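Presented below are the structures under discussion, each in the form of structure tokens.
Common to both upcoming complexes is chain A, partnered first by chain B, then by chain C.
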Partner chain A sequence: MQQTEAEYLRILKSRLVGTLTDDELADVLSDYSEHFRMGKANGRKEEELFCSLGSPEDVAREIRATHLVNKAESDRSCGNLLHAIGATLGLGLFNLVFVLVPFILLVVLLFVVFILGIVFTVFGPAAGIYAILQILGLPAFAIWQSPVAGVFFSLGITTFGLLLVIGDYFLARFSYHLGIRYLKWNIGVITGTERVA
Partner chain B sequence: MNLRGISATRIILWLVAITIVSFAIGFGILALNGGSSPSGDHPFTPFRNNALLTSNTTLIPLDEATSGDVRLTLGAGDLTLRGGAPDTALMEATVFTEAGIWQPELAQEVNNAQKVVTITEKGHTGKTWFAVDSPNRWEIRLSDTIPIRLEENVGAGDNTLRLGTLNLETLSVHTGAGDTIVDLSGYHGGRFDATIKTGVGDLTLRIPQTSNTRIVVHQGIGDINEDGFIRHDDTYITAGFNSSIAVNQITLNQGVGSITLEAV
Partner chain C sequence: MNIQFKKGVLEICVLFVLAHKDCYGYELVAAISKRIDISEGTIYPLLRRLKDEGYVTTYLQESAEGPPRKYYRLTETGRNVEHEQKEEWMRFVASVNALLEGTHDAAD
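Now for the complex of A and B:
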């Protein structure tokens, strides 16, 4: 389909409205207008410039993904990370494997560690109470081989649970940081077309 | 993350230290008391785990005896006793225990057509708080066909006797600490005398309401609940009791705990 510069910019604008702020959108459109102007001044044809840039839909997807990843990096939140991942998934079907699968595995890991931490944190004091009742001679609560050892094991289980929860928090932070870098690398690998800075 | 000037690093280091020290002390106590058995086939656990118990069933034949004398001593653990042993056997004893050292000693002989069987497990006394509990469980079936003199001692643990199908001559039950149930409902055997002594724990005694039974209760601290008896001071008799015919005489000595008497 024969396309003009105006139509290219219109499509680009329509795809980025709502994602970028008005100022950011104006900057992007200005950059691409300048790119077209410079290309034509250098004697390049519009079709040639369109081919080098790629379709406006693809360009919009790349800009959107880059913008959302940068936003997730500067403003850390689960929502921003999910938006960034969603935008990155839109860059290609194979990202279902290279982005979505690792992300799901990571979320499952963090969730499992968190649940384990909570379970240990709750179970520890409960088992400690059982140990004390066992020391007091109530056979119904005899869950420990040695009740005094049970008191210490209960304390250890509780603190271990707290360590798991705290460790999960730091693991989540580290994973967030690593995930952003991975998404940036992924976008860089996928973006093989000429880019307008 | 700061909590009133305490850094997260310091909190984490304290938690790590407490965790390591706690587990080290716990495992140390178990090791000193023989709880971590490296020779065992089962994975080590600081918990009592009945799933780890191995069973050992012993069939003790009648050996042409016409009566039985059974003496059981269980230091620590739960004991369940009932009828239903095979016809040619005085007893079928299944012992669930975690370690071979806690297997009881068995002695048997025949004296004047009476089969005498003694099963003894002395338990582990003197190390209560730090002790690695012996998770013993005995399940014993006795012959329903011959008269039996039954003597039973349980140091600490629950004691459940379902004797309705047996033919008793005498019954002696002694429980140190734990709940005791003596269920004689449906009993159609011969006359017997019984002595039941419990230290700390609840006691439940069920007897047939049609039986000619007298129960004398000596209780320390606790309540007595009865259903279906006629009471005279510390003596409970069944409805229709007649002292001129054969009487089942039961004496209860209870230290601390409730007593429940049921005529069913």
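Now for the complex of A and C:
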């Protein structure tokens, strides 16, 4: 591979086109072409500048991850979050353990709490209806020892189920917010230059 | 030196240099890589993040030779952050040095 300015910019561009907007891409490329221009004005060779900049693939990965995390922050959606996490995983094997595993555990937890909430929310009213029918004197529905207690019990179960679902929603929102902050910190401090060592 | 260690410190270094004076990209990179051995290309993504966070702004300024250059300047927020991190850094380094001197004494 030739270590020239043109090659450096070509790699950056090929890795970032499609992710960044045209304006952002032009801005990134202009930073690096200015760097080459200033370097050459200071008497350094293109090859030398290329080497001290380090791998353009790593730079592109870092810019891409930052961009996708910002996007997931400003425009909350599952798709955007998955893209951001995917890009962060590309920053180093390390992140399989420190990003992917916590993410999967969290998703499982949120899912289990949601299902529990739904189950209670559905079973509560059903048990309540049975209790009311029993109070009305329909023996076919006589499942409660004390139907009056059954009414209160089912009210309790329903409320608990609804609280679980609502709580889960806020927990998901909070995790999203916290997750984005963690990914930003991860990109800034932990990963990115890892491969250059 | 440990690469992760360096990366964490890089942000502080950029803030310190910019607190001293506004710089264009190449100037900033040169100032830092003169002292710290890093891959220079990663400073630009860092500057981009600092700009996203609102710690720095950029402006174009004509230069005597060639096209205008992009200068980076600390914002008010950036200046406050720089101030805090500088104090934190000083305390940290003082503590580590005190520890080092402590072990030195013990070895004598």
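Criterion: the second predicted complex is superposed on the first by the 161 of 197 C-alpha atoms of A that agree within 3 Å, B and C clash if a C-alpha of one lies under 4 Å from a C-alpha of the other, contacts with A are read in each partner's own complex, and residues count from 1 in each chain.
One rule holds for everything that comes next: contacts are C-beta pairs under 8 Å (C-beta built on N, C-alpha and C of every residue); 3 or more make two chains touch, one makes a residue touch a chain.
Everything numeric in this text was worked out from a predicted model, so none of it was measured.
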Touching partner for A:Thr159 - first (chain B), second (chain C), both, neither: first
Touched partner set for A:Val59, first chain B, second chain C, both or neither: second
Touching partner for A:Ile135 - first (chain B), second (chain C), both, neither: first
Partner chain(s) touched by A:Val148 [first = chain B, second = chain C, both, neither]: first
Contacts of A:Pro125 with chain B and chain C, given as first, second, both or neither: neither
Contact breadth on chain A, by residue count: chain C or chain B: C
Contacts of A:Arg37 with chain B and chain C, given as first, second, both or neither: second
First (chain B), second (chain C), both or neither touched by A:Gly86: neither
Residue ranges of chain A in contact with chain B within the complex: 135, 137, 139, 142-150, 152-153, 155-156, 159-160, 162-163, 166
Touching residues on chain C, where the partner in the complex is chain A: 3-4, 6-8, 11, 24-27, 29, 33, 38-42, 44-49, 52, 65-66, 69-70
Residues of chain A defined as touching chain C within the complex: 28, 30-32, 34-35, 37-39, 41-42, 52-56, 58-59, 62-63, 66, 70, 184, 187-190, 192-194, 196-197
Interface residues, chain B side, partner chain A - complex: 8, 11-12, 15-16, 18-23, 25-27, 29-30, 33, 35, 45-48, 129-133, 156-158, 177-178
